[in-house]
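Going in written order, the chains are labelled A, B, C and D, and every chain counts its residues from 1.
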Amino acid sequence: MSTSSIAKIDRRYLYILLFIVVSIPLLSPLKLPIPLGEHAKRVFDKTESLTAGSVVIESFDYGPSTRPENYPQSKDHLFHARELGLKVVALAFWPSGAPIGEEALREVYGSDFPDIPEYGVTVVYLGYVPGAEVGMQTFADNCATAKGTDHYGTSLPSLPLMQEVQSAEDFDLWAEWASGTPGEQQVIQFVQGRHGGPSAVPIVVGATAVSVSGMMNFYISGQIYGILNGLAGAGEYEFMLNVKYGYPYEQGPSLDAQSLGHVLILAFIIVGNIGYLLTRSKGGKAK
Amino acid sequence: MIQDLFALIFGVTVTVFIYSFLWKENPLSRAVEHLFIGWAAVYTLASMYDAALTQGVWGAERIEGGNYIWIIPILISLMYFFFFTKKYFYLYRYPVSIVVGIMAGMMICGMIQSNFLVQIQSTARDLPLVGAGVWDWSGGSTGIIGLNSLIVIIGTITALTFFFFTWEHKGAFGVSTKIGRYFLMATFGAAYGSTVMARISLFIGRLRFLYETTYEEPTYLVNAWYIIPIAVICVIIMALWMRSKPEEKPPEPAPAPKPEKPKSKG
Amino acid sequence: MIINDGLVASFVLLIVVVAEGLIALFLSRTGKAHPKIRKIAGLEAIEEAIGRATEMGRPIAYTTGLGGIRDQYYYQTIAGLNILGYTAELAAKYNAKLIYFPYDPTIMPMAVDVMEQAYLRAGKPEAFNRDNVQYLGGDQFPWAFGVLGAMHREQTAANIHMGPFWAESLILSESGFYTGAIQIAGTANYHQIAFFVVAADYALIGEELMAAGAYLSKDPAQIGSLWGSDWAKITTVALLILGVILTAAGVTALLDFFAL
Amino acid sequence: MSLVVKRYIPLAITFIMGIIMVIATYFLVPGSPERYATTLLTGTVDVIVATAGVIGLIVLLRHHGVNISRRGKYWKYSTITIIGVVLYLIVGLYGVATQMDALGTHRYLMLASDPVAWVYNQLYAHMDATIFSLLAFFIASAAYRAFRLRSLEASILLLVGALMLLGRAPIGGVMWEGFPNIATWLLNVPNAAGNRAITIGIAIGAILLAVRQLMGVERGYLGPER
């Protein structure tokens, strides 16, 4: 292989390699260890610090396309909330988030959801709340005007939990499972910003890894308390739940695949640069 | 139920067909693309129609509750249809101008509050330069708080100078813009590197669908991966067929005069 | 209080920014000042890209991302449409084929309007074909895949992406690279700028996109408003430095004002 | 006259609407009836643009219909689009006819109806997710192609990107526990600085763009004709 060809490998070979390398751990798990990051720990600790009976808003603002990342995060957090005896008001500002939210609730609260004794007392599912950021704003101002009924058509005032939760003043934590707009920025702007700031409505965000770097401003300024960063964040959270509550650690193979994928891309970069430097040192001006 | 089996077969097939695009644009990916576009147009229509009904018709404060004022926006909406006329084409501007005005007002207020004020505020408030322990390695894993603050402040200001449009990037100001560009590059590198994970996650999600999904009936069981070979064979047949048929290729592109890379980012 | 609680500081800042912009605009429009704009390479490259497309006899693909007018990112769409006007005018002048792929149906009439006006300015209204505004369904990934397919089938010589982009930024700019096109892209969605910087030949970063319309117009009033935006940035830098110093010195007056 | 109808009235409408929203935010007390009226105004946006979806569909059908009738390039694929539209529309109309919300009220909604939701979640979602996942390949090939040690700026991009890759990968922390810390630092410090500058710049740029637009100096769809 000549040096210039190292710098210009056809992309299809890279694609095939990536396909193979990511597939391996999914077919036979490697069980690589994982470290715990600060962002996920803060979400975990914040949730742990809430006393039983505190109100958590679980907002499912993602669609099927980012489901691989967001679903494990939201499911894990729901489990955690149930385990701690927190009161959960789940809803979705994305129409496509509504069925996913219901699925997550079924998985955590049992397949009979909503026909469970806790329903209406410690957990409520409002389903899709229309109006995007405007809907968010209305919901924070007065929950009942944003949507008159829950996902199953029961009117809100008849649910004991919704009697307690009237507006943003009653929220103890907003867990935002975000993948775009409306998402964490709208919650910051229209819910937190208008209702007393980060101390009154703390926000934890489960984000797709792509949007995390853009959230750092809000994280540093304290508007976002903690972040679950993509699939790895979900993995870390599951790991912590696993240690404390024996929650199944399902994301193992995915994280292994993740690691191998990263190493492969790093290898691509190194190989590309070796090829580039070799062609350049040969005198040919590299374009 | 049988439609779940259909969904499974459909899902696996389109997944493989779309991945065949990575090899090259081909009839199978093209077929999926055209089908998908047709559905998307209907989906968009459906979502806009639903939004209009929920916002304008249903509910106690809307038409349903006797508030007939909501007929006005519906009528205004109809002005969009002048798109199809030549003479009164410009009438589409009325609905657009209303929406753009509303959005401009909302955007201005939101921008100044969350993108401007809060950023200045948190730069000043949350980045301590003095006080007990800010210059210790007390942050442990993530560095010295005071130094970090200083870097963020310098980075923010220098990167902001990069966006000056009417000042020439020369002298001391030029140095500042240069440092600002380094900060911007670091920002982009970090954004890129941290995104890789998200993208691979999506791919892992697809692979887990291909490898792990099953359809179960009392009498038989269909694994999603049973269908993969069939779909792959389709792709191979198509590839052979494309090869046997010489395609009318557009003239070879002259090599693009690529600029020396990142200089062009200015 | 006349102004709502918690919004005093933001109102004052808004007035300051808008006033700076307007004063600079009027100073420049009336000829009392002649601000000069620095070069923005990405915008200069548009003409070169169109020229090349003409030479090769291949079309230009233009998109404004997931731009619509009914969300808070509408301003990027407007910026993208302004650049579309400029691009279409050049394309008409050079007789190059420009294909525009709107995402949100709400902006389709606007795009047609902008392009029609541009062809008119170039003196070739008859060359404009509404069929070159191709709707691909208003959903993110079908749209992105449709643009990809079209770019590969048409073997575009230039791909220009200006507007609000999300995940499709890299889909378009990386796969578009393999058509051999010159790629010029700009967005103000800060989490996507990185992908354009990496994968496209020229990238407009954040505010440059919003300034593009004014930059390309060469109209003194608009250039004046860019000058005003520089004033606003100086104000910002001053506030930043002042805030940091005051906070370090233990004076909280400024922070208290911001919290109003 | 015609310019008044074509340009100045829409411009004035835009201006007035913009000012109303700004005044509402700053001067109308939340909870007051006037403020409530402006929130209703924002609610009209979805209604006002609603017919655009129909326009999109018609334009799409016309484009492909013409292509088929002319036997243009790829006309066979155009039939797929049209069949897709027709099939999904039939499903959608059936959905509208049968849709019930949880209370059993017939709301005539399309997207919320079961058949449409089924097609979306069970069929459409696969295509959506697969196209999204193409990014895994593109991000790899773009990194290979563009991350080169060309200049100091490009090297910073490369270095930070590579460190980030190592730090975010679960395996990075196992190789050396410093990698995740470096990644966190890069995200929290230099990245935050750059993002903050970009954010502020965008705010200024967007506000002044809106001002130019409201004043009618920006040449857009309402721009000065010349």
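The rule is simple: a residue touches a chain if its C-beta (ideal position, glycine included) is under 8 Å from a C-beta of that chain, and two chains touch if they have at least 3 such contacts.
Note that the coordinates shown come from a computational prediction; the quantities given were computed from them, not determined experimentally.
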With chain centres set to the mean of the C-alpha atoms, which chain is at the far end from chain D? A
Higher-contact pair (C-beta pairs counted), B-C versus A-D: B-C
Where the centres are mean C-alpha positions, what is the separation of chain C from chain D, in Å? 15
How many angstrom between the C-alpha centroids of chain D and chain A? 20
Let me have the rounded angstrom distance from the C-alpha centre of chain B over to the C-alpha centre of chain D, please. 7
Chain B: positions in contact with at least two other chains: 18, 21-22, 30, 32-33, 36-39, 41, 43-44, 47-48, 50-51, 54-55, 80, 83, 90, 93, 96, 99-100, 103-104, 106-110, 112-113, 116, 119-121, 123, 125, 141-142, 152-153, 156-157, 160, 162-163, 184-185, 187-192, 194-197, 199-200, 202-203, 205-206, 258, 262-263, 265
Among the residues of chain A, pick out those that touch two or more other chains and give their numbers. 11, 15, 18, 22, 38, 65-68, 95, 131, 209-210, 212-214, 217, 220, 229, 232, 258, 261-262, 265
Which residue numbers or ranges of chain D touch two or more of the other chains? 22, 25-26, 30, 42-43, 45-46, 49, 52-53, 55-56, 60, 74, 111-112, 120, 127-129, 131-132, 134-141, 143, 145-148, 157-158, 161-162, 165, 168-169, 184, 187-188, 191-192, 195-196, 198-202, 204-207, 210, 213, 221
Quick check on the complex: what are the chain C residues that touch chain B? 7, 9-10, 13-14, 17, 35-42, 45, 48, 52, 55-58, 69-72, 74-75, 78, 105-106, 108-110, 112-113, 135-139, 141-143, 145-146, 148-149, 152-153, 155, 157, 179-182, 190-191, 193-195, 197-198, 201-203, 205-208, 211, 215, 226-227, 229-230, 233, 236-237, 239-241, 243-244, 246-248, 254-255, 258-259
Could you pull out which chain A residues touch chain B in their complex? 12, 15, 18, 22-23, 26-27, 38, 65-69, 95, 130-131, 148, 185, 188-189, 193, 208-210, 212-214, 217, 220-223, 229-232, 254, 257-258, 261-262, 265, 287
What residues on chain B touch chain C, complex-wise? 18, 21, 24-25, 29-30, 32-33, 36-41, 43-44, 48, 80, 83, 89-90, 92-93, 96, 99-100, 103-104, 106-110, 112-113, 116-117, 120-121, 123-125, 127-130, 153, 156-157, 160-169, 184-185, 187-189, 191-192, 195, 250-251, 253-259, 262-266
Name, in rising order, each residue of chain D that touches chain A in their complex. 30-31, 39, 42-43, 101-104, 111-112, 117, 120-121, 125, 128-129, 132, 136-137, 139-141, 143-145, 147-149, 158, 161-162, 165-166, 168-174, 177, 180, 184, 187-188, 191-192, 195-196, 199
Listed in rising order, chain C residues that touch chain D in their complex are 2-4, 7, 11, 14, 17-18, 21-22, 25, 69-70, 75-76, 78-79, 81-82, 85, 104-106, 108-110, 113-114, 117, 121, 131, 133-142, 144-145, 153, 167, 170-171, 173-175, 177, 188, 190, 193, 195, 197-199, 205-207, 209-211, 213-214, 217, 219, 221-222, 225-226, 228-229, 232-233, 236
